[in-house]
């Protein structure tokens, strides 16, 4: 179960209202790389991990809970940046000030006009409040998150998610000079780095963790680097020399169309690889036994109960 | 900030795996009337309420937190209903059992085959895990939630949300005879009723609360009930006699097309109503002052800070 | 079947083009709380109501038809607000005026430039026309509507929908000073209030109507108000004293974590409640009979026919 | 404004419940090629057409209204196909029959079990009712419709829409042998053909109508047919001989990569075409004047009013 | 398989950065009528066409490949229009220039400020890069494309798609005066016209191709034109005189409500039409044989293989 | 520009039709981790990389092109698995066989009945063809892809994408025993591993590449691991001992609520860290210069041109 503490994890403050930055910050509330996406991704992954890997479950739930706490920090900051909007809307019978602005006759912009320019829905739909949508009004969507029932995959998804979230905070910092917000964003950005390192440590803790999943790569198709993009040829460590940590070299296919025809759609392969394939299939069976036993053995017989009161 | 307690709010148990019911239950994890929708709706509404109505903020955050705790109960139940699926998938090199089932030669259905029939993504994408999607695979979407910056509106949205959530649990109970799950669903269904009553009490606590928002109804257009659906005429308390709590009677427009033409598109109205309109406009100005002051006066000057450590 | 009358239900007029307000008004054409959402919600609910509750069917169809008529009013107003845009686009070979504006050299803004600023799709996609999208370009989506096969639920969904629609019109009125548009918006806003009252009367007409659906609340879990949000404790009618219309008092759980552990996840409950539970189960069976008979008895045997010519 | 007549445009009847076919038929209620899509497409297009082309406006509104009437026929048929489901759900306290089915012990399938198999949401969310979603539960979405402010384009969009809708009805007829439903589907399918012919006649009534829009094709790039798909060469009237109604021949580019390089990305073109380009530009200016005048001249000065009471 | 050539099909150039036009141009990268939609529509249709209609398969694949090449041209142009944005974002520690702009103190607008105004995600999410979203940030969605397994339908969908794409390019040309971009847009617009003609020629090559699909129109319901829109009566070739290419006349139903009642929901039809219906049913059977044989006979027995190396 | 070669990159074959597996395989055609997602992700990332990092551009375009080629392989396989469906649908006038199946009277299931069970849209919408939707009918959506203008982020997104795609192929292999399909899936799965290694090599080639983006982590918030999940305490390399490759130790916060209050929302931090913060800020400025110069210096002055013919 969850418990809420009214104080924020970080002391978020705001110097002055700024509806435009509030709108940008929505990316981290309801956007594809934001805190809700992170929280829901780790929370969802945690369910499957609980029985077989209680230690990783604990870590996922810890970080999910921290991300929910960050979601609250972001929401609180947006709300403070929108100060004045709701009160102005409640003055429903009077629109003289807005109209002066719209006619270009006002001395200064009203806060509600700023809000409307930044995001029409601040004025019409959310009433000057927070909403789980991004900076262009797209509602948050669960297709932003990944949870695939395999920690060697899920943790890699998380490394990528943390990388993107970190970069978005970095970008956001360029668009405000409020020192209080800078501090909050610096905190949030840095925590993504810390989580990255936590997920990396957890992934290292699982051995072997490559390739992700259970099955090994098919040796007949592992080493080719296809040159499918005509023009100046570019070589680099991704298509020449040794493959990283694989004990194999890249096999650069300079003319893939000809190669495909020659090999009848890659079905005519080197005899040596056929032999290696056999070994791979043996390894696959062993790994299947190990990995499925790991899960099955942890599952209790009979009635299942989640908690231990 | 949030805090997580590993024990569930309710002692969710499951007698035996049932991937088909797991799929139905996804409606309350990632569906339009489910726990994530409830949690995010109240959580989002709470931000705007905090400064002007700290008591309602507390209530919204309490209930939001309980809904997150229910989300966890639903997720845990789904995960227990999927026991065996992930382990079976990890046995990646062997598909003989599934194929016997698919060929109609198996003595009994394997759990993974049941999972796949219920929801292809249980077998291919989530690896036998929970996902914030509904029973037909639609990812949860923030357009399910409503937060409009006015508690007389938001609380009514919540009464409707709780009503729908209650009904969905009622429907779900018809599709399982596992007594443990029945108990869990009975708990969850009943909490929706309890929340309904909490929101009702809070709405009553705000006076006046009708019409929702600030502006009064325009007296020229309030009383008409248009008979726009030809055929047998049906009369009832919604188009004859007194309007509920309005001190006015319904004005039944039997032939709307003629009426619209006569009144030149409703612009030629009763003189008596014009006078009432004036009074309404006066009332609107007063209410605007009251309601906007309520919000504005609560907002602090200068640097805004959310927490008080 | 439907019939269309070319005159609008209300005499919508517009003083001058205003693409920016046209964009805001899209919220009520293709937005989540707009007229299409209302029309489709009541229209969809009506199908299930027709056989068992022909009087409520008539009301739902009347209001749905009025909402389609309002959709037309909103669309017509948007189109009039966009006057000039389509003609300007048709002058396809000449973009000198726009470019003067874009370079800051124009004496005044062209209407097409205003349109593009308000909504890029007015200039590129809709050709200066109406579109069932909201003010930020999100296409209207049927997940905005609720229809759940139970009138005690559906009518509550409708009370909430009308409340939101009313508020959105109130907000919109702040952003225009065109007196004709004000009048149209005042009409539309007020009709939401009238519909609210129609739905309220219909809900009152169904007894009992609480809890929504068929099953009663489980007495073991009805009364608790969980204090899940740490910090200053706030008490109010939603967590102390009597529950509204329930003949029961709130049971305030000050420390939910401890309470959950003590009651082993709420499974150890007061004996008195067990007895009450038995009575509830009896009541549930009776209500099930009543409610299912109400529907089943109304359904004709044999070939079904919708109309009676 | 709209008016509703309780009798359906076609006398829809159903021999017996069939939740599975009900689910398929949802494609034409809430699917991408269904009646709501058609109705909303023509209704939306009509707004822009009203002032400059009142005759086409009338036709669009007539057909839109017929499509709304067809939407009602489809909804009514689905509802009749689901007879029994709602009543069964209302028998909320009893799930013995369903469970016998689920355990494989029932003599026959209950209607609610059939409903759930066809579409989980029939049992859990819609309560045995209609919903504007497709056969796989995707909510209807306004991105299904096209309205682009140019009748030579919009009418072509409509020809395509009618073609798809016709085909879907043809497909649906294969999946039911209920003669009443066949008759209804035959009516609906045929009306799509009739509408196709109405739109075709309207498009012919506009001259010139090709290319769609205002601007002529650029003569430098009109005639090439690029052979971009290697393998057996296929020639046909789409890449050899005369272009339909263009007075020009196809220019088959057998080796596009070489051709692009030779012409420096198609910027080195035939001198003759440069001259033709000049004439095209002149034509573009003339057409721009004609087409924009057509729209602008029809728009009234001053206050705009939609209706004429 | 695909092959990529680094040179663009057309020599796209850009005179100077213009983030605002970059945003508009996104419509043709990730919008509903853009190049990705076209490419994916024809590519998807091609699979079903390959075995029975290898010549049409070749054409669809050729055009799909050209559309992918156009997608690249559009993307390259957007990227060039955003020159400077990414470099500015990388200067992450310095936001002084942006803040001068935001405070109104800057001598000129920075490119990143322009980018943010045009599209917040250029600054926060895409890092000054291309994205398959439209001008309002809606992600590209496969519901934009149509592929229905019948070439007489698919080719008509394609005629409509090409018409819309052509019009969008025409609109876009109004919003830039960069001569290089004009040339690129003129090329892209014209190719839509060329593809239109290719699809038209292919449709003509299939005989009969009307009505789309297999089944003929039901003669009982083909000729009626329902006058469902009250007010001034408008007659035109779509509701009077001869139906185009049908050898039949329109049957104008001036009062549809009365007509429906008289004919008992159109079930009482002219005897002559009943006879014609019989002939139609005979024709349907013949066409079913022809059309299904056309597909079935082309499908090889036994193991299926796509390629012929 | 792209070029299409009719032979597939891999010789995809299918032993017999299997609409059910065809539906599962849609995950890799139009699903979130499928080939279209991969192709579009790398293709989109490539635009921004071209000018500053032409070598990485080449790699991204090579792999994108290979993924388009894989998309074709998957589509071809699905089409072959659906053999017979389209031909059966074309036999539009005859539904006797399907009805025998639906009534349980058929000797064997017809292929079209299998198709409909697997995916209703195979029978009604796609006409037995391929569609860019997933196994539950959700249309492919560009929110599946990530492109953020920073290669240290983008390449990590790609490592995660390849991991998920690999796992989905592994899962799919469990659900077919067709040896030809196994071989195709083994090829496709293995290529994901090969691409993973290519992206890993490219990421290693960029130094420094951590943290992703430009700015360093804020030393005040880097080391804390918050124990936010109550219950049994779990320690592991993610919250005790050394952080991977950081030269720092984890700082385990056992009681985060107390810690947050003590530090006044983490604003009272260790003096030593303040000093380290200064150094970090200096580093940030240096890195900003380096990284922005890297991009800016590569961008040509004046007219931009993408190709070099």
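Just so it is clear, A, B, C, D, E and F label the chains in written order, and each chain counts residues from 1 on its own.
Here is the rule we go by: a contact is a pair of C-beta atoms (placed from the backbone, for glycine too) under 8 Å apart; a residue touches a chain by one contact, two chains touch by 3 or more.
Please read these numbers as outputs of a predicted model, since none were measured by experiment.
Counting steps between touching chains, the shortest path from subunit C to subunit F takes 2.
Under the contact definition stated at the top, the chains bordering both subunit B and subunit C are A, D. Counting steps between touching chains, the shortest path from subunit A to subunit E takes 1.
Chain centres here are means of the Cα atoms, and by that rule the chain farthest away from subunit F is C.
Each chain gets a centre from the mean of its Cα atoms; for subunit C and subunit D, those two points are 27 Å apart. Subunit D has its Cα centroid 32 Å from the Cα centroid of subunit B. Annotation for subunit B: residues touching 2 or more other chains are 1-9, 11-12, 32-33, 61-62, 65, 69, 89, 92, 125, 127, 136-139, 141, 143, 148, 150, 167-168, 170, 173, 213-215, 228-232, 256-257, 260-261, 264-265, 307, 309.
In terms of which chains touch, the assembly is arranged in some other way, matching none of the line, ring, star or all-to-all patterns. Pairs of chains in mutual contact: A-B, A-C, A-E, A-F, B-C, B-D, B-F, C-D, C-E, D-E, D-F, E-F.
Residues of subunit B touching subunit A in their complex: 1-9, 11-15, 30, 36, 40, 43-45, 47-48, 50, 52, 61-62, 64-65, 68-69, 72, 75-80, 83-84, 86-94, 125-133, 139-143, 145, 147-150, 180, 213-215, 281, 284-285, 287-289, 291-292, 294-296, 299, 303-309.
For subunit B in complex with subunit C, the residues that touch the partner chain are 5, 7-12, 32-33, 54-55, 58-59, 61-62, 65-66, 69, 138, 141, 143-144, 146, 148, 150, 152-153, 156-157, 159-161, 163-164, 166-168, 170, 173, 183, 186-187, 189-191, 193-194, 196-202, 204-205, 211-215, 217-218, 220-229, 231-232, 234, 236-239, 243-244, 246, 256-257, 260-261, 264-267. Across the complex, subunit E is touched by residues 20, 23-24, 27, 31-33, 134-138, 167-168, 170-177, 228-232, 256-257, 260-261, 264-265 of subunit A. Residue ranges on subunit E touching subunit A, taken from their complex, read 1-7, 89, 92, 95, 98-99, 102, 112, 116, 119-121, 123-125, 127, 136-139, 307, 309.
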